[in-house]
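These notes are about the structure you will find just below.
We call the chains A, B, C and D, going by the order they appear; numbering starts again at 1 in every chain.
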Amino acid sequence: MSASDWQATRAAATPLSMSPDELARAVGHAMYDSDACSQALGFELAEVRPGYARMRATVRADFLNGHAICHGGLIFTLADSTFAFACNSYNVNTVASGCSIEFLRPVHGGDVLTAEAVEQTLSGRTGIYDIRVTNSAGETVAMFRGKSANIKGHVIPPT
Amino acid sequence: MSASDWQATRAAATPLSMSPDELARAVGHAMYDSDACSQALGFELAEVRPGYARMRATVRADFLNGHAICHGGLIFTLADSTFAFACNSYNVNTVASGCSIEFLRPVHGGDVLTAEAVEQTLSGRTGIYDIRVTNSAGETVAMFRGKSANIKGHVIPPT
Amino acid sequence: MSASDWQATRAAATPLSMSPDELARAVGHAMYDSDACSQALGFELAEVRPGYARMRATVRADFLNGHAICHGGLIFTLADSTFAFACNSYNVNTVASGCSIEFLRPVHGGDVLTAEAVEQTLSGRTGIYDIRVTNSAGETVAMFRGKSANIKGHVIPPT
Amino acid sequence: MSASDWQATRAAATPLSMSPDELARAVGHAMYDSDACSQALGFELAEVRPGYARMRATVRADFLNGHAICHGGLIFTLADSTFAFACNSYNVNTVASGCSIEFLRPVHGGDVLTAEAVEQTLSGRTGIYDIRVTNSAGETVAMFRGKSANIKGHVIPPT
């Protein structure tokens, strides 16, 4: 997909009455309402803007693994949800094609994690988003990089 | 850590009365019993041997994301748990330092996923494990690669 | 691209007179002849089969970095070339969309490296290939994973 | 290594007479002078500061692969060299433990590539650096993420 095709795709996904920020928020709320997984895990959507999202989660007892620290999979899941809200913020259905994560510090029960997703590149159907996960003390506990791919369809009706 | 240091570390972690296979199973059961996260998500430990593990999970309604398919984070979590059982199978406490995953097909509610972890290299404190996740039809839905690092301590008492 | 589309794409890329093994070798030789980079670096193509390739390289003085060990970029380049020969072996033009590498041991000048690429999955336009790089002593020095994407065209004329 | 241990390590690596910027430049020049690989490939070190480096390279005829575009391995090598200058800028010997790269656009012969490395985290012996590679038109052609590990020794004498 060329840059101009992406402009056309994005324009076709934007209701006439909404600004990009309003669209990102409307898409975020609609996605969150149907995201059974993020809800079941108690993830909160704190902010969403075009190409950007921020989420928060408390590390519950059922997030802990056999070493009595937070399961890396749930740190990944929080980052992956935040990635999803950022890369779907243009109302073009988008999924992850691949992700990598580096775990930098153990995370303990009761801590509150914040994940912040920032778009790094978006060209054609493919984007790269970086998600930094921090603990209550503001220390980085994990760095996540996700590669997105647009698929057919819209999160909310475009008209 | 040199190869001979690793042999010494591993020997010190092995109760005299157990074969490597018995140790791997004993460690697996002990870890699973204290792994609140894998239990809460309904992951089953199907098999564990030295450097190897296999787990199974049914995709529940609360695994689905805002696109009504299985959240990539939970596919990752299943693979990451399987990785943990494989890399801790020598009874030397081991954690993930980094992981990558490629998502190859969407996964739907009700499907049963199998994750199989195979050790690729183990030298000194660092190992690489590959985990393939397949659906009920035997199709590969994700490929995960994890890098492990030994830390202090044992999963079960070594003597 | 569905599995049956891929069968059709692959059939259209195969001259009638050639077996899959013959095609892989013919493609490999044609690609190698026009691969100025692999030639300039002295990489040898030792074997190519459908979905598989093996290459060899001697670590020259101009492969060394500021720590007097082999530059990781050239270990990557050897693995990436081997990946390219494996994923183009069906005569459907294919490029890397992303790769990761783990460096496990330092490599010294004069050593002879072998890289072996094995196809892990191939579905539709996308494949995953794992490349293990070993030194003369048979020790694994790096593990590379590449994700491939088919593009238009063929390496050699399909008819 | 704790944060205070890292402060001590870093202090011990810094000659009394140099500011952090001067040290980064001195280390960069010393490393470049002994980096046979970066020199042989014509990579230029454009800038180095603590935790930061920028390099430039012209895509030569011997950088092209069998598809007549720049070999991904050489794009990786440029990014990896830039990463090395950034993560060694404190004069503590540091190597890459693992890297990932996403290729976003083909690169043609004669183009001039710029790679810019920015430190994302540094805690204890381990750091994460992101390297963006752009072409002459300012388009991002690849995104690289490297994980660094400190080893023993210094690039230049610390006293």
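The rule we apply is simple: a residue touches a chain if its C-beta (ideal position, glycine included) is under 8 Å from a C-beta of that chain, and two chains touch if they have at least 3 such contacts.
The model shown is predicted, which means the values in this text are computed figures rather than measured ones.
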| item | value |
| --- | --- |
| Identity of the chain that, by mean CA position, is farthest from chain C | A |
| Copy pair chain C, chain D: interface residue numbering same or different (half cut) | same |
| Gap in Å, rounded to a whole number, between the CA centres of chain D and chain B | 34 |
| Centre distance in Å when chain C and chain D are each reduced to the mean of their C-alpha atoms | 25 |
| Between chain B and chain C, centroid-to-centroid distance (C-alpha), Å | 29 |
| Where chain B touches two or more other chains at once, by residue number | 98, 100, 102, 147 |
| Residue ranges of chain A in contact with chain D within the complex | 100, 102, 104-105, 120-121, 123, 126, 128, 130, 132, 139-140, 143, 145, 147 |
| Chain A-facing residues of chain C, complex | 98, 100, 147 |
| Touching residues on chain B, where the partner in the complex is chain A | 30-40, 61-69, 71-74, 76-81, 84, 88, 93, 95-103, 106, 155 |
